[in-house]
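Pasting the structures here.
In what comes next, subunit A is part of two complexes: it sits with subunit B in the first one and with subunit C in the second one.
And now, the complex of A and B:
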């Protein structure tokens, strides 16, 4: 074996080792969660002495958990619809049209992303109290939107930047009304961006803890429940719920990605 | 041409953006069925002009008349005109067929009728029928041009506008498409208004050409008029390789102070005292004898370029570079860096003011 070949072999071995280390580092915690949920004992003991899925059973049958999911899903779905609608027009203003004050707008609109979420949550709590809004999962929708709309605006803007404005002009010139231009050209061409934006909105809302903590009032979301159970009253039901929640997010994400890939393939 | 009725009349069209005036009070009449090309370098205001004609911009002053009707305030989607964009603006999420049918779908034409019309246009533009369901982003550059043109024709406009659609196409294909476009113009009998920065392209296709510079229409004429009688140094230089030198009129002869030479002038425009003398490469010949031309200069042969049927020679006279031509059969050989005679007859030169 020549020195060059040996060096090449070493290089690829190191690359593989590095990639593997990254994967293990990222996915071992999720795997531990699964492990921790697969015990039949009341407490978390390692190594696991009694394996079993009793806690999965209990979790799935719990009415309390059903309500939790309903709350989280409701918030995430409503946030997704409102966020994508606002962010679509926000992204057009961000990336499509030249207007006075655009560069200031581009900076201001992204600012909430960099605001620490727990501080934002507290600020919103104080604000909701001031204006006399009753706290519930509905007020959490507003809180989530404050943080998620900027993110989704950015995601959709990336798609809008690659949009040729002449497409709209061409459709208009070919006799389409403003509404037909939007329906027949703008929305379909920007669809991949809107879809990714919707995925982001749902997943960010689904996993959000700091904003929900301050703004859901008497209602509880899945991340809030997990936190409170870890602080006091841990059962292996916590890792069960954690695993399920992670899997839902993963399925949504991979499924969404799959749909985009399939659409692209169907077109060619 | 003069017997045809005007389809488009511009009266003092002006467009300002803030403090910048892109188009300065242009008057122009385009006849029914004419192929009119607006030529100009970038920043000459030609795209702004076209966008105003199409209804995508509104003029700051002046009137646009379409068959005698003022259309200043008629939006693009209500005008019987259609534009082929520089980027072509084909809808990437649609097939070739859906692109062509778009204007028909907007008008609620039944699906079967739409398809028949699309296939008919595809046949006319030499697009294979199998392309009907093909994704438009998978088409080649030339095919995309044809789809864009078919889509515009499907709208059945009175006037078609073209915003440099061929600028991104390679030379050979561009030459083919230029001729095809002119054929389509004949077949359809519609009015075409085309803009380009290439006067060569304009020459091939147009009935008349308007040359724009800094928002002004500096000359309007047939390709032959523009070629043989440019009215300014700008227009004459725009055509391509030309030999051009500053001259002044002195007692019926032209004097070049720079070259220290006197020339026999062509027809002198009234009131001309100084300006530029233009001699095209094909009129400037490398001579064997001094008496072969009325005006003769002595220079050094610096380089030669084979153009196929002709050969171009770069001849340097003092600091000035001249481009002269000879037929291939009379090519000079082994004469680089030697002294040569170049000359032209007075009637083959053009006098222009600045």
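And now, the complex of A and C:
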């Protein structure tokens, strides 16, 4: 092995070590939650002496928790459907068509993403109050959308950028109607983008705390509930629920990505 | 044919319409409400009073401007640390890790879908007395230490942790925009590694790096939970002040004025950076 090659090896080994260390750093909190959830005792003392899943059982049997999940999932599902629909057209305007206001439009779409979410939540609270809208999980759907529609527009746009407009032109030349082109050409080609957009919409809504905090009114989402329990003193229910919501996010995201990969393989 | 051309020119604005209308109602209108509210007299809940600048005066005579400085300072420190932490990983993801890059990227993405407060709570369980770290040290090595929780350093750790993906992903995009041929050519012409880094890698990756700086800085200025959960309220960032004014103090006009101040600071940064870059090239239009 030449010295240059050896140096090269060393360098990539160092890069690998660093990247893996940072991955571990990113997952230390999740690991801590998991450990704290798997004890039978009331308080968390490490190393754990009494392992057990009593608190998991207690959490899953609680009706309050079932209602929380229902609220969070309903919000996330509705947000997903609306966000993907609006963002699909938004992404075409963002990345596909040349038009005069495009550059300004692109920047306006980005603004809500760059905006501190707690402040956005408060601004929406003030706005709902001004127009006399009653706060509930429905107003939270609206609040989530303000932040999630731009994110999904961006996600779908990335797919639209790699879309060849000639495909649509060809379909038109062959006599396809507008609806047929949309259904047979545009949607299937953009499907991976729409799918990732939906995945992001659902998961970002599922994990959102700052927007929900000020806009759900009397309804409560899972992150809100966790926060209220967190500040009220220690209960092992918090690590359990935290671990569950982390696992749901991980499984949905990795599963969703798996579907995209399988579909791509099946096609080629 | 001219008709078809005109129709196509209309496609852009037509498709932009739903998003534009939605953001007008859901983003522009609330912000306008906040701006108007900031000029209302103290502790009012209606928008129809004589406007004044009293709330802005209160900010600078009170302690709120200190909160803004804390927020800006913490965000600046966070961004600098993130740049150093993320560049090697971005470089690895773009050039060295090959097919493993996808898996690593997915791993860095998942935490984004778990709410911040839950993840920061995980850090509390890690660092607390008798927690994962101190408990392990005590039982294995007999070392007893004070917990590091509720210090400024802990807040920075929390912020670095939360905003890492927002620096890493744009940076990776930027680094992968540097063509390998250009680097090879520079090496062939006798450039040292350091020269290639400074004269080729950095300038060509700059759009992505700048977006990463901007995104993580702007989000970090608006950080709230890190200081609340990990800092034990030793430091009050500006957003905490805003929240207190809106909830506990029931002083919406003052809260609005602080929010406007924060918005002006953030908008200045965003406009300064975004003006210099073309989004099409960064996001990969061919």
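Heads up, the rule we're going with is that the second predicted complex is superposed on the first by the 249 of 268 C-alpha atoms of A that agree within 3 Å, B and C clash if a C-alpha of one lies under 4 Å from a C-alpha of the other, contacts with A are read in each partner's own complex, and residues count from 1 in each chain.
Everything that follows uses one rule, which is that a contact is a pair of C-beta atoms (placed from the backbone, for glycine too) under 8 Å apart; a residue touches a chain by one contact, two chains touch by 3 or more.
For clarity, every value in this text was computed on a predicted model and none was experimentally measured.
Peer 1: Tell me the contact category for A:151 with respect to subunit B and subunit C: first, second, both or neither.
Peer 2: neither
Peer 1: Quick one: name whichever of subunit B and subunit C touches more residues of subunit A.
Peer 2: Comparing subunit B with subunit C, the partner touching more subunit A residues is C.
Peer 1: Let me test your reading of the model: by the given contact rule, A:29 touches which partner, first (subunit B), second (subunit C), both or neither?
Peer 2: Touch status of A:29: second partner only.
Peer 1: Looking at the overlay, what does A:230 touch: subunit B (first), subunit C (second), both, or neither?
Peer 2: second
Peer 1: May I ask you to decide whether A:206 touches subunit B, subunit C, both, or neither, giving the answer as first, second, both or neither?
Peer 2: A:206 contacts subunit C only, not subunit B.
Peer 1: Which partner chains sit in contact with A:101 here, subunit B, subunit C, both or neither? Use first/second/both/neither.
Peer 2: second
Peer 1: Once the shared chain is lined up, is A:173 touching subunit B (first), subunit C (second), both, or neither of them?
Peer 2: Only subunit B; A:173 stays clear of subunit C.
Peer 1: Using the touch rule from the top, collect the residues of subunit A that touch subunit B in their complex.
Peer 2: Subunit A reaches subunit B through residues 164, 166-167, 169-177, 180, 184-185, 188-189, 191, 267-268.
Peer 1: Can you tell me which positions in subunit B touch subunit A when the two form their complex?
Peer 2: Contact set of subunit B toward subunit A: 54-56, 75-77, 81-83, 85-87, 89, 91-93, 102-103, 105-107, 135, 137-138, 151-152, 155.
Peer 1: Would you pull the subunit C residues touching subunit A in the complex into a rising list?
Peer 2: Of all residues in subunit C, those touching subunit A are 8-9, 11-20, 22-23, 26-27, 29-31, 33-34, 37, 45, 47, 85, 88-89, 91-93, 96-97, 104, 106-123, 125-126, 130-132, 134-136, 139, 161, 164, 214-215, 218-219, 221-225, 229, 239, 242-243, 246, 252, 255-256, 259, 262-263, 266, 270, 274, 279-280, 283-286.
Peer 1: Show me the residue ranges of subunit A that touch subunit C in the complex, using the header's touch definition.
Peer 2: Interface residues on subunit A, with respect to subunit C: 12, 14-16, 18-19, 22-23, 25-33, 35-36, 44-47, 85-87, 89-90, 92-103, 105-120, 122-127, 129-130, 142, 145-146, 149-150, 153-154, 157-158, 161-162, 203-204, 206-210, 214, 222-223, 226-227, 230, 238-239, 242, 245-246, 249-250, 252-254, 257.
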